[in-house]
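Several structures are given next for inspection.
Next come two complexes, and both contain subunit A; in the first it sits with subunit B, in the second with subunit C.
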Partner chain A sequence: MRPVLAVALALAMTALLIAAAGKNPLLAYAALGRGALGSWDRIGVGLNKATPYVLTGIGVALCFRARVINIGGEGQIALGGLAATWIALTFPQAPPVVLPLLALTAGALAGTGWAALAAAIRLHRGVHEVLGTLLLNFVGVLIVSEALQGALGEPGAGFPQSPLLPRASWLPRVLSGSDLHAGILIALIVVVAAHALLWRTPFGFRMRVLGASVPAAVYAGISPPGVLLGVMSLAGALAGLAGAIEVLGVHYRLIDGFSHGFGFNAVAIALLGALNPITVLPAGLFFGFLETGALAMQRAVGVPTPLVAVIQGLTMIFILSAMGLSARRSKV
Partner chain B sequence: MLRMQRISKSFGSVHANRAIDFDVPAGRIVGLLGENGSGKTTLMNILFGIVGPDAGLIEFKGRALRGHSPRDAIAAGIGMIHQHFTLVPAMTVTENVMLGWEATGWWLRPTAIAQRIRDASSAYHLGLDPDARVELLSLGTQQRVEIVKAALRGVELLVLDEPTSSLSPPEVAGLLGILRRLRDEGRSVIFISHKLGEVLEICDEVVVLRDGQVVGRVETTGVDRHELARLMVGRDVSSPIDRVTHSTGSERLVVAHLLARDALGIERLRDLSFSVRAGEVLALVGVDGNGQAELARVIVGIDRPTSGSVFVDGADVTAGGVAARRAAGLAHVPADRATTGLVTDMTIAENLALRSFDEPPLRHGPWLDAAAMTELARERIAEFEIRAPGPTSIARALSGGNQQKIVLARELAGRPSVLVAEQPTRGLDPAATRFVIDQVLALRAAGGAVLYITTELEEALLVADRIGVLYQGRLVGLLRRERVDLARLGLMMAGALEEPSDAAALYGVPTP
Partner chain C sequence: MDVVAELLAAALRIATPLLFAALGGILSERAGVFAVGLEGMMLAGAFAGVIATHALGHAGLGLIASVVGGGLLSAVVAVVAVRYCADQMVTGLAVNILALGLTSFLLRGLFGRGEAPIIRVTPLTSISIPVLADIPVVGPLLFRQPALTYAGLALVVMLFVAFQRTQAGLTLRAVGENPTAAFASGANPIRVRFLAVIGAGALAGVGGAVLSLQQVGTFTDGMTNGRGYLALAAVIVGRWSPVGALVGCLLFGSADALQLRIQGLRLPISSYVIQMLPYVVSLAVLAGLGRGARLPAAIGTPFFREPR
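Take a look at the complex of A and B:
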């Protein structure tokens, strides 16, 4: 109930800001609602937007469960997109079903590698993963830029982007009359799988014990480095997968800066979803629909889109305050 | 001096204090006894202004204290020394005494304060050096810094919460002497403790709390410890311990020439060797911080020794980790229940599975078997009489005694060859303490070998067949139970006496 209340409070606060900007908040929110959910097409766009959020958010949530602070979603997404693009451009002759699967796998592996790198730096050089993942974000994004300036760039495009990927590599649409692609199905499978992993498997148990108490984990014979590496790799795989889906399902090409902001929104979504895979789903959908609705709101009423970022920010602040008020009682 | 009348306090549906009357006359040492959760802490928190009472009056030196803060309590002349000291380790004794003391005025006058510390130190025989850095002092000396802090601030009522729990016997004797001198000056002391022997020795009178009510107020001259224990628990717990003598068997735990350094390179264990036989309890006593924790960690496989070996049932397990040693038959009750022995935010069932979740029957292929976990928990809850609503209640909600029962249920369930128990009764009330000791002795009777690490000599005498003394990472004495001389053990714990181990007590240590 708390997250819902926090969202309501955030919307109310933003309404005041919209009113202060001289617009009618009710009209603005009506436009936002129509823009987000007004038609199958709009819903499809919102779900597409939410897909990378859900995937990356679940990875971050699993990390936080084990008390591993992974804020490297953006870099992992960037490299996932890069790897998927490279596969799609390198093997255009591959059969239609095989090529996207291959590209998605490559994206997941690239994300895994990038996250595992941060984990390795933590384990072997003692650099905290907060710093490691944060700094690797910059490196990851710049590697994508570099690739687009060179080998993967589209000649004469005037903008750092790759050529259009071969049609065979595109994710199939799943709802006729909308842009909704198969990524959302992958996200739903991941939600269920992550829930099962966390609550029903020995590895999930290890994560939860480690997150609750490091000495208890060591006493139980659980290896903290093993869990750190495992959960980081997993989160990296999900983020890399999200990057690949973004490229193969939405843009059909690699665009410079396509991963911008995803990593940090994923942290917000993980917290909004109370670090539970099942509840990260609505949190991710909320962020996705909020963004698609915001564009409509701007067009219809002239409310600037940055106000959406304000709603997101206020929601986070209210959520975190509410969590702080109720000293952690939740099950781990 | 202090009158607390009809003090009541509830937290939700829990009545922590119910109409408690508690008086402390001037120049008296009053003991406050009670099991965990009997309301002692709440009562003292109300006195000190940390929480407000729901009802009742507090009168100190004839003036009413109402809605007061800890600062007001200190200003009125009430001092409190907690189990965990509130000193700044990196500062000197003088600096710590000055810290937060309003009477020092606008300008700090360290030399004048240092002189007052010296005066107080000689008046109370504290032996304090005002210029010493606190982190370099022993816990006993740090406690004296707390006392001098309170005394210089003109404290007239001093509250001590479990003050002897980390002191060696000579330090305890010193503390009791200091308290007597404070009393003889007309100050009053409230002495909170679980240790009935000390309470009887130092206190003039004792107030016993149970379930938030005063169940007894007695002069210490007229009672014995059995009577006090009965008052605390509400029933007789002093039935004799069932400790059959029987012949011991083969060596189940052998520790040979253990050497361990910490991260800073300081030697924590210095060439430790001993063994424990089947059907035997070896108690290692010593003041906290003399290598007990390091020894336990090395034996159970959390840390690796710098050199030396650990054998369980004849097999060298030194190279194995925690899981390997558990498989070899090693059970472990860690010292810190709340952060190590249990994950207090998890359920009872999950806590019971904490060390065996990754093996059948709890693991089923790649899955945890939740039903098996619950079933196991039901059995253990019944067998160990854990008082809890059910397998899925959160461990945090349980009393300390019931939490420790979860740990014991988990560790003793597989009839381990060797049990390493660190301070297994710390913070437990007499009934729960008794339960722990009975369980340890049951394992002994069943042929298990027990290494029992404790700071309590009396408890060691209760359970152990042999007693060893740890001092600065070395075994400075190892005696058979029959030959134990308490005074000498106390000196050994303080590092003042070392004697070659009793030849009959030290056996079977293989040479590397």
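Take a look at the complex of A and C:
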């Protein structure tokens, strides 16, 4: 109930903002709802939007479970997209099923590497992962810009982007007549797998014990550095996969800045999803639909899209307050 | 020689917004509250400063608005993280997202009829200190700066003295090290942390004003662009001391100034690789300092009174 309440409070507060901007909040939210869910086509777009959110959000949620704050989603997605693009452009002759699989794997590996780098800096040099992952975000995004400037760029495009990827590398559409691609299926598989990992495997158990109490975990022979490296790599793999899916399923090319904002959204989604893979799914869907709906709202009623970030921030603040208060109560 | 002087001047210019935010960060972290929200507080200050200067026609009032803007956002952190004992780092992230959304929304919704308007204000001018400004090389560099730059440097000294020599500074540090003991000796840790966090927001707000009012003269979406996080890195590099933070900010400022300089030289290195410099330098410095860092002992730990 708590996340629903937090969202309702956030929507109520942003309604005041909409009113302050001289628009009718009810009309604005109606336009938002229509833009998000008004037709199968819109639903398909929303699901596509939600796919990377669900994947990255699950990674961040698993990190939180083990007391690791990973805000490096943006950089990990950027490099995942870059690796997938490189594979797709380098092996255009590969068979149609093999090529996307290869590109997705490369994306996941690149994301893993980038996250593991932050984990290694944390473990060996004591730089907290909040700063490590954040600074690596800037570097990762600049690496993509650099690649688009050079080897992977489309000459004469006028915008930093790669050439169109070979058709064989594109993710297949799931519904004919809509933009919905196979990424959502991957996200659903990941939801189930992450749930099983967290609740049914020794590694998941280690994560949960570490999250509950570090001394207890150490006493039980669990190595905190090992869990940190494992969970960060996993989150990096999911974010890299998300980046590859964005490239292969939505844009069909690498575009400068395509990863912008994903990392912070993932943190909001993980919190809204109560750090549980199964419930991160509706949280990710909510934010996905919120964004597609907000674009329609801006066109129809003229309420600016940054409202989405306000709703996200407020939702986080309400959930954090409730989490903090209940943790305090359980301690007393 | 001129090149070095120019480079140092640029480094000081770039370091000034970071410096205010970093000093705020020290205030908050020394009291035991992680200052991840500096980025959002700077942004709120930058926004409030430009809007108030534009609306009221006076840069001084704009500066006050920056203090209020940053302070209001940090009050959210204070309530959620200090009073409600929520995770401090994630609360910081949340207000960063909130500030980014709120400033962009208000800019369009209240002032631009849906579009992002460009609000220009006259940037604050430099103040030359007579005689001293005429010293070759050093003079223009150190004594021909805008007012807020002097204020930032003065604040370093003031904070240093406050931490070492005043009762208030001692209490603040005690709360950051051991709030239970501080409570037992008569201090109110929650109130101290509240004030420290709001002070941090006010200072970071001024940092934002330096950026928007003193340097750019307008507000653009997300114009702080990671500076709040660099300020946080400077706090850690400077080992939670005001003078250390100044050194850290100047270091990052130099890296950025060098980056801009190298781009101007049209070397055969790509500009994107050069743009990585400030981030790589801060990572390298943080990593190079390694594990020696001793955080305030009670940082991140919420304080609440046991019910009687």
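Simple rule for what comes next: the second predicted complex is superposed on the first by the 327 of 332 C-alpha atoms of A that agree within 3 Å, B and C clash if a C-alpha of one lies under 4 Å from a C-alpha of the other, contacts with A are read in each partner's own complex, and residues count from 1 in each chain.
As a convention for this text, a residue touches a chain if its C-beta (ideal position, glycine included) is under 8 Å from a C-beta of that chain, and two chains touch if they have at least 3 such contacts.
Bear in mind the structure is a predicted one, so any value in this text is a computation, not a measurement.
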| item | value |
| --- | --- |
| Which superposed partner A:P215 touches (first subunit B, second subunit C, both, neither) | first |
| Subunit A: partner with more touched residues, subunit B or subunit C | C |
| Touching partner for A:F205 - first (subunit B), second (subunit C), both, neither | first |
| Subunit B versus subunit C as contact partner of A:L5, first or second or both or neither | neither |
| Subunit B versus subunit C as contact partner of A:L16, first or second or both or neither | neither |
| Partner chain in contact with A:P306 - subunit B first, subunit C second, else both or neither | second |
| Partner chain(s) touched by A:L131 [first = subunit B, second = subunit C, both, neither] | second |
| Which of subunit B and subunit C A:V97 touches, first, second, both or neither | neither |
| Common ground on subunit A, meaning residues reached by subunit C in one complex and by subunit B in the other | 328, 332 |
| Subunit B-touching residues of subunit A, taken from the complex the two chains share | 200-202, 204-205, 208-209, 212-213, 215-216, 218-221, 223, 328, 330-332 |
| Parts of subunit A lying in touch with subunit C, wherever the complex brings them together | 17-18, 20-23, 69, 71, 121, 125-128, 130-132, 134-136, 138-139, 142-143, 145-146, 149-150, 264, 267-268, 271, 298, 302-304, 306-314, 316-317, 320-321, 323-325, 327-328, 332 |
| Complex interface listing, subunit B residues touching subunit A | 300, 302, 321-323, 326, 332, 334, 336, 339-347, 350, 353-355, 357-358, 363, 366-368, 370, 394 |
| Parts of subunit C lying in touch with subunit A, wherever the complex brings them together | 36, 76, 79-81, 84-87, 89-91, 93-102, 104-106, 108-110, 113-114, 221, 226, 229, 232-233, 236, 270, 272-273, 275-276, 279-280, 282-283, 286-288, 290-291, 293, 302, 304, 306-307 |
